[in-house]
Amino acid sequence: MTVLRINGEDKHFEILPATLANLLDLMKVDAATVVAEIDGQIIKKDDFDSAKLSASQKIELIRLVGGG
Amino acid sequence: MNDKLIIAGKEFDSRLFIGTGKFASNKIMADAIEASGTQMVTVALRRVDIENPNDNMLAAIDRKKYLLLPNTSGARNADEAVRLARLARAATGITWLKLEVTPDPYYLLPDPVETLKAAEILVKEGFVVLPYINADPVLAKKLQDAGVATVMPLASPIGSNQGLKTKSAIEIIIAQATVPVIVDAGLGMPSHAAEAMEMGADAVLVNTAIAAAKNPVQMADAFKKAVQAGRQAFLAGGAEVKQQADASSPLTGFLRE
Amino acid sequence: MNDKLIIAGKEFDSRLFIGTGKFASNKIMADAIEASGTQMVTVALRRVDIENPNDNMLAAIDRKKYLLLPNTSGARNADEAVRLARLARAATGITWLKLEVTPDPYYLLPDPVETLKAAEILVKEGFVVLPYINADPVLAKKLQDAGVATVMPLASPIGSNQGLKTKSAIEIIIAQATVPVIVDAGLGMPSHAAEAMEMGADAVLVNTAIAAAKNPVQMADAFKKAVQAGRQAFLAGGAEVKQQADASSPLTGFLRE
Amino acid sequence: MTVLRINGEDKHFEILPATLANLLDLMKVDAATVVAEIDGQIIKKDDFDSAKLSASQKIELIRLVGGG
Amino acid sequence: MNDKLIIAGKEFDSRLFIGTGKFASNKIMADAIEASGTQMVTVALRRVDIENPNDNMLAAIDRKKYLLLPNTSGARNADEAVRLARLARAATGITWLKLEVTPDPYYLLPDPVETLKAAEILVKEGFVVLPYINADPVLAKKLQDAGVATVMPLASPIGSNQGLKTKSAIEIIIAQATVPVIVDAGLGMPSHAAEAMEMGADAVLVNTAIAAAKNPVQMADAFKKAVQAGRQAFLAGGAEVKQQADASSPLTGFLRE
Amino acid sequence: MNDKLIIAGKEFDSRLFIGTGKFASNKIMADAIEASGTQMVTVALRRVDIENPNDNMLAAIDRKKYLLLPNTSGARNADEAVRLARLARAATGITWLKLEVTPDPYYLLPDPVETLKAAEILVKEGFVVLPYINADPVLAKKLQDAGVATVMPLASPIGSNQGLKTKSAIEIIIAQATVPVIVDAGLGMPSHAAEAMEMGADAVLVNTAIAAAKNPVQMADAFKKAVQAGRQAFLAGGAEVKQQADASSPLTGFLRE
Amino acid sequence: MTVLRINGEDKHFEILPATLANLLDLMKVDAATVVAEIDGQIIKKDDFDSAKLSASQKIELIRLVGGG
Amino acid sequence: MTVLRINGEDKHFEILPATLANLLDLMKVDAATVVAEIDGQIIKKDDFDSAKLSASQKIELIRLVGGG
């Protein structure tokens, strides 16, 4: 089991997803609507496919919501 | 009449900006935005809810008609605000930003020092910064000097609907302003928005008063008209306020002996 | 939305009535009336100026579009008001009457006792009486009982543009009213009119604020929109006023550790 | 010379106008826009022609003007 | 400083009158009266409670120190007020009277027409009449003309503690007054009383704000001081109110190059 | 009643502080200080006037009775304020300091960023810092955290006599305060001071309203009483504010059939 | 049994009190603190002893209470 | 002639006062009521006698005045 810290919570994976795009697929998150940070570095949407993941990374998945 | 509001070189016909929080549904939000006649709406950034990842309010907003203005709500200091600003730009390609830094979760009032610090950083990074501030004329001037695109003084605490409690300070801010003054937070009824516009505010931002009205769509239309009314009254030049009465009917020609 | 104002059986789409005094010219008056969207305008009775007998402001008012509401301005007691009322009816065939009894030429405030007395006489003579009164809830009730068609409490002294100085009393009048409540006198800016309508007033009457504005036509349009805004906000149901802030952006999903 | 008191002022006439209509003509007042009282009695527009005048009467000629 | 209030020829050193209703006990009432420094207290007339006939609040009031001012509370029209006035005089030998006519049991606002009618009768019968009225300048003048000893316009509804909601009308009443103006009803805090006195009111009457305070005796002392403060400020002549700042420290001699 | 105000360990019986600017003469100033009952007065630092070097207002102040609180008026940024603070300490041996940083000579409003910066420096140098600030709750909290002895939010611009225009923000400052809150600047009449104290302010500072009154000594006494009244009312616990009337006379036992 | 209407309520007496003073004694009301009406006529304190009562009269007994 | 810059203005002296105390005497300023800076350094009252002056120094003489 490997762990990623996603949005402040530890998530356990039998097999670590290879890329950020794979992770979003696995989590059923529509990549078109989110922005991501890996270990504090912003990853642009165009780079989701190429962004490799490794164990214990901190990943933030962010989206626009209603706000004032 | 050509009376455009210009912010950072961009022209607006509508002087009412709308916040998108707290609506009961995306459909009501979209209808209220439409009714308001606005051309720019604020949005927040939050973590994706992993249990429910596909609730996408953005789909309800026609981005051809409405500019998005991401905010940094939730930021408690300059660092958090800068981080959110960069994420917002990465997410949307938008460089416009409503800068909010609110350390206190109870009153949600803005931090003058951290807001100025964040504004200075973000202006240098090329953001068009619209900072939400207390009605503090000195701070407003410092932010102007730092290159912000507008100042957004609060009327009363966010979501309180108390109306224009900071009137005398906002009058000073307007008198000194070299950038548009957008009155934000606490405007609870259309008359409050009209009053702000009559004083010479350039625009207002409204969220809770519309989203939490019993009929948000009708309220949005009411705010639209009130903002137009207030702006026109400002341009039309109000009649003088007098301590005594001044007869509206003639004071001669009375039917007397 | 079907939201007609009904006074004495007559329907009005517009809830803004306009006074015709103090305009710089008949042309400006006519244009301001048009811009206001009103359906009823007040007029006064005065002796013909024998040196200049043919200055006829009435020619400027399209009586197919605008009802005339003669007033009894200048009357200092019930007798004078009744005499003016009868003359007004003879002159115009109109039985509607804005009843004003103002003994004091300085503050032009209405006399409660003489107004009630005149109203009782005129109602019996078949007039549709719209009395101008101080914001006195007990008097408003007595006039209702006497059969008037509306009550018209003042916001502040005539022509003073001070706005809604009698708010708490007008709230009580509205709460008790069985006839329409028209806020009259002293509304100086569109925000004042909107505020009155938001409280549940049925209509407002404006004269000086428009006639003495730098641009009366534009100000008339501003009042039109503000009255609509205030009415719609009343119908839409305002959001709750809170002592504390209430975040417009979500309070969960913050980007923190 | 006879006198009528018109709108609070004495007006002198060599020959008294016979009717209210005649008076209005003489004064160049458009009858269509006024209402009149003779000695406190309202005279309707239709009766202007038949309203005889006599010396010393008090006549009020009233018109609508702008008012609030 | 000799600054006596004179009502109907009688001199008062204290400009605070106290109502005696709603106190938790006669002891607290007596102590609060003492602390207030008042010289006149109002009392009401009511039927003796036959089941409990000997609860005598009067015993708690030292009539050598405090004048009694009976009121006509409960009267709904002029006839009832006149009847109560006569009973009060028979009961006490006192010809002074606080005239109250309040037809509506909910808002307890005074009836202008019945109050004037009763005042005219009672003045003729030799009463010293202090009428409680709405803040209606025309009515105040009519009552003056009828021979009342003071006028007592309300600040806001009785017992509401809302403060001076009728400020602009009371200013006019004071400007026109030929008898002392006593602001009555609705003054909820000492600052409200001070504000009324600063405007030039001659005295104030307070009941609920003291009787319903958590510590009525301390509150009575607070009102005493506030009334004195407001009176002295009126006499001392307030500094001018300015739209801009005006430095309190010198604007020369700065330590600069 | 033991109700001392404690600032930085020092006890005060009086909750009114007096500014010494703008008095017509040293004699009037001294008499007004005496009448006010204050225990601490502010003073400014200025260059000696070389043409007239011996006008010494200090001689008129009895330093055994009145603490001096030097201010940094004239400072436009933190550096100038720190320089003035050190000079004040050297001149007087006093470590207490009213910190003022006002970059704008027209409105004289305080600079939040420079004030905080100066406060942090001066606290470290051992000063007892009483900063004059805009009514900004977040700034007040940051200053508390920096170790200031009080916060001194403004009621309205210095010397304007407009009264408590920042009420809702000062309420929040008081609710959050861990140090005394002294309302400063703009209190124009005793009722304004009473209102601030009733809200729970710990003290007020007054200068122009007294110095520019027609009778400064009488006005000083009026403020003394009003501050006491407001404080006592706060302690006594005000009666509830109600929307409707609440009879002060009994609602039973009416003389009816 | 005779009846007096006192303060809006019927009170029954086996023997009618002769005077107002007697009535007050019977009711244990301190005469010094009240004022009375009999059938709408005010009776002064000095006349309580001499005020004769008869059946069915309307009697009001009034006193000062706290009021604002 | 030597110059001192006192309170922002140049003052010319035939003979430079030796100490700050001498300067104050010369200017008739009561030393007890002032505080001084020489070239930005605060001079305490106790040191007025020993504070030597030299040409072109910037001297600030400061005093308490009425202020709010």
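Here the chain labels run A, B, C, D, E, F, G and H in written order, and each chain numbers its own residues starting at 1.
Basically, a residue touches a chain if its C-beta (ideal position, glycine included) is under 8 Å from a C-beta of that chain, and two chains touch if they have at least 3 such contacts.
Here the structure is a predicted model, which is why all the values come from computation and not from measurement.
A count of contacting C-beta pairs for F-H and for A-C identifies F-H as the more extensively joined pair. In terms of their C-alpha centroids, the spacing between subunit A and subunit F amounts to 55 Å.
Averaging C-alpha coordinates per chain places the centre of subunit C 72 Å away from that of subunit H. Each chain gets one centre point, the mean of its Cα atoms, and the points for subunit D and subunit G are 70 Å apart. Here the spacing of subunit C and subunit E, counted between their Cα centres, is 34 Å. In subunit F, the positions touching at least two other chains are 19, 21-22, 44-47, 71, 73, 87, 107, 109, 157-159, 162, 207-208, 247-250, 253, 255-256.
Touching of two or more other chains is recorded for residues 8, 60, 62, 65-68 of subunit H. All chain pairs in contact, by the document's touch criterion: A-B, A-C, B-C, B-D, B-F, C-D, C-E, E-F, E-G, E-H, F-G, F-H.
On the side of subunit H, the complex with subunit F involves touching residues 6-9, 11, 27-30, 33-35, 37, 42, 44, 60-68.
Against subunit E, in their complex, subunit C makes its touches with residues 102-104, 107, 109-113, 116, 134, 136-139, 141-142, 156-157, 162, 165-169, 172, 176.
Residue ranges of subunit E in contact with subunit G, taken from their complex: 19-23, 29, 42-48, 50, 53-54, 56-58, 68, 70-71, 73, 86-88, 90-92, 158-159, 185, 205, 207-208. Only residues 19, 21-22, 44-47, 49, 71, 73-74, 80, 83-84, 87, 105-109, 157-162, 188-192, 194-195, 198, 207-216, 218-219, 221-226, 228-230, 232-233, 235-256 of subunit F touch subunit E when the two sit together in their complex. Here subunit A touches subunit C in the complex through residues 8, 60, 62, 65-68, going by the rule given at the top.
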